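Per-chain numbering from 1; labels A, B, C and D assigned in written order.
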Amino acid sequence: MNGELICEGKRVHYEIHGSGERTILLLNGLMMTTASWKPFRKELSRDSTLVLTDFFDQGRSERLPDGYTHSVQVALVEAVAQELERRHGRSRFALAGLSYGGEIAIQYTLAYPQRVRRLILANTAGRTSSWLRTVGEGWNAAARSGSGEHYYLAAIPGIYSTRFFEERADWMAEREQALVRYFSQPEVLERMIRLTDSSRDYDVVHRLGEIACPTLILSGSEDGLVPVTEQQLLHERISGSVHVTLNGSGHASMYEVPDAFAALVAGFAALGDQSISI
Amino acid sequence: MNGELICEGKRVHYEIHGSGERTILLLNGLMMTTASWKPFRKELSRDSTLVLTDFFDQGRSERLPDGYTHSVQVALVEAVAQELERRHGRSRFALAGLSYGGEIAIQYTLAYPQRVRRLILANTAGRTSSWLRTVGEGWNAAARSGSGEHYYLAAIPGIYSTRFFEERADWMAEREQALVRYFSQPEVLERMIRLTDSSRDYDVVHRLGEIACPTLILSGSEDGLVPVTEQQLLHERISGSVHVTLNGSGHASMYEVPDAFAALVAGFAALGDQSISI
Amino acid sequence: MNGELICEGKRVHYEIHGSGERTILLLNGLMMTTASWKPFRKELSRDSTLVLTDFFDQGRSERLPDGYTHSVQVALVEAVAQELERRHGRSRFALAGLSYGGEIAIQYTLAYPQRVRRLILANTAGRTSSWLRTVGEGWNAAARSGSGEHYYLAAIPGIYSTRFFEERADWMAEREQALVRYFSQPEVLERMIRLTDSSRDYDVVHRLGEIACPTLILSGSEDGLVPVTEQQLLHERISGSVHVTLNGSGHASMYEVPDAFAALVAGFAALGDQSISI
Amino acid sequence: MNGELICEGKRVHYEIHGSGERTILLLNGLMMTTASWKPFRKELSRDSTLVLTDFFDQGRSERLPDGYTHSVQVALVEAVAQELERRHGRSRFALAGLSYGGEIAIQYTLAYPQRVRRLILANTAGRTSSWLRTVGEGWNAAARSGSGEHYYLAAIPGIYSTRFFEERADWMAEREQALVRYFSQPEVLERMIRLTDSSRDYDVVHRLGEIACPTLILSGSEDGLVPVTEQQLLHERISGSVHVTLNGSGHASMYEVPDAFAALVAGFAALGDQSISI
């Protein structure tokens, strides 16, 4: 089912798939929408209930005026969480996020630890490093040129691995066509700029030690955007976390190694509240 | 429930945990028994039915005279599979194995492809390399000394990572005591020698291309016994396989990173018969 | 000493540093000139003679009209080699190249194997993969915008690691200023476009097996432009090659880990004509 | 030339090869002697003067009674250094060591920093971890069995990579024969036990921050004895160190990738007293 709620005076789109006892709340990456998870809906809702949502400036959620930071997206997640509790009696969930979604997931967990049974961070950093900030400036410079083609060339190759580009050449060609068309809408590029800017000053490295729930860190060995070293930093700081590398995968790990991604998200989310003790 | 069947005229012990629609058949490593999986039973049987078995010369299955190879263990797995079909109406399953169990799992899949929905190979090689054969000779030389302490020192450190040895010093100390006592039984060392010898000429690298079901290869970054390079070989040869590295884990990955191990086995086994298509 | 010669009717700049018995010919990366090696001149000419040159469209060598490929740069290297032989009596040398320079070095070695004692390939690929071609299109799109700032943002971050960006923030800030000024010259951007285009159809993977001299492959673990996987491909195909990873280094390994870079180039170039035999 | 000096009342063997201006003092691993470096003498003394020595209980240096620690080997190195100064006017040198030799090199550098221009640590740990201590106990248990064959099987496979075992099967077979014969001498096994025991309580991790000279850390990606993680610890603690991985190499990196080993040692040792500044 699809739902809508109001947060910060704006409409927020969310979806509920399946009816399993346990709940997975899965957060989009920057350039994704709830529709991006279509290939995963069935598998991720087989034994659990899967909840998806569009962040502000994504998909079917409303636009936000310029100048916001991650905190408003954290508020959006809590609005969805309250709806889940009120309407569906689910007050706790496994929280998963990819990249931008992982960054929001970390901050949500710090703000609402009682809601998060387990945390899954895919291709996620604990901060916007000066390097990543500069990369984002490159995306925004391309966006300001107004050319969908330039934006595609600036933002997309860094997301995929060399291997995937070759093995899935047809898929990438279709995707290029679709994305260039999509990015050619001025309104879309404005949203991309705002979402990118909202990450500008993100840095929670010093607070990672507060995370207490079982946490899975999921890296792509070929991730050119959030390199494995940034994810090792998460692993070192989040006590008791486990760190898994998807070999051969770039940043968009859910598309590059879908079975491994789905297995890890569904499998880790389904485990008990405590880590397995041997 | 525990069950017993006869294969090659010998008693074979097996166990069934849970009652989920899908089935996972999980095969022991060389020095394990069905009891070794105790910490995982609950999680691996939450949404699936978990089947365990002791190989010949392990746990509660009967001893075999000297000189056998892997093929008799493959026959044992098929005997369990037939029992599952006859008594429980389950003709297909996800097949998972760790190390020795993974080696048998590969050969079982080659012999009975129609039974294996999905294949999970943890810390598994496609062959006994000349290096590994020499390591095994070292174990057997220690076993022939008759000293449980020597055998412990020869065979166990290579199974764990430096990190685990330190972080779980108490657990390792208890384990050392228990294992030295266990290995001090001449009959146990004889079984270890036979099991090790049964792997001596194992090499199915040239047949890996025949495996057609979705396959997960699960490595420990610190595996000193079956190094990641041997598992990359599996990945290169098994078309469409996915390769995941458990960072910081040695050879006994289920004990070193239990949540990641359980998430991957349960999660991958629960996916559909086909790989997710994007 | 600086020298000049004519190749393809155009002036070519080269330099000779030191007077050691053995010779190292070191080839620039795409965005470099002979001046970029200034910090390395002393160390690389301590025990050997160091020869540097600017490719066409680089530094003090002349421009070339649009539409050339790598082959003309290979011809330039042979022109320098002939000058070395004629004027300095040096007919053989260790050949080293970084990135674009490594690509030319491979092709030179295939064309003039008798001249190359030893080959050193730093941050080098055996082909322009479809992924790398798309990245180059992004650079050229930014170049065609005519903005030095856009070009900097499109082309430079991918060359450095996250770690280096942070540890050397002051150096990067100076460099940004200098490069934005440099790239703001239309003539410079035109050269960059031509150099990038000259790599478009580069692919010698199928010929790598012909290389017979001792070869060193030198990777940066954090190289976001020529990922380690591409350099593993060189290693697999070049028989008897050795493959070394500079941990923590991005694509510009000579700047990120200068001591390790200089040690490997000077040390490997100084070894005898045959690999050490044990 | 070969030389002999007296340290702690015992004869110490040392050798000087070549006559280059700069000096490399290269320290043996546990199971090596000065003779083990024979394939490297020529290359390492081409542009530098190479100094080798046997530790107490190695090769042509005298035996020591049971119960010593690393400190007596550090004293031996200083005795060699004083001889170098007195007889050859060389008061400073690049200090390199492999494994056991690297451990002594670290402690020598901490004790005599004014003598060490540059430090090279190949396959070296900053401590004897509890894991490594247990491995050493396994070696000593095999040694106490009195069987050269057992000792070979216990101690040698962990030193080489799977790849090397296969590619150099003939060399390994010869080596096995020679080593089994060598280890079959009771006196040799006694020395091995004492050398291994001398490392038992080694731990200088907390002092690594005091090392101020340019330092190279050289790992083998397949080192099963001193895993890369232990060498990352050196890199993190020794400020300004560079960390290089020799891909495909096990613990005996000088034998597995001789050209890369020689290039790094000779090249790094020849650089100036200060790290190259860019």
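One rule holds for everything that comes next: a contact is a pair of C-beta atoms (placed from the backbone, for glycine too) under 8 Å apart; a residue touches a chain by one contact, two chains touch by 3 or more.
As the structure is a prediction and not an experimental result, all values here were calculated from the model.
Relative to chain D, the most remote chain by averaged C-alpha coordinates is A.
Annotation: 48 Å between the Cα-based centres of chain B and chain C.
Per-chain CA centroids place chain A at a distance of 35 Å from chain B.
Counting partners per residue, chain C has 248 as the residues that reach two or more other chains.
Here the chains touching each other pair up as A-B, A-C, B-D, C-D.
Residues 129-132, 134-135, 137-138, 141-142, 145, 147, 149-150, 153-154, 156-158, 160-163, 165-166, 169, 172, 222, 224, 227, 229-230, 248 of chain D are the ones that touch chain B when the two sit in their complex. Taken together, the chain D residues at the contact with chain C in this complex read 39-40, 42-43, 46-47, 171, 214, 216, 221, 232, 235, 242-248, 254-255, 257-260, 262-268, 270-272, 275-278.
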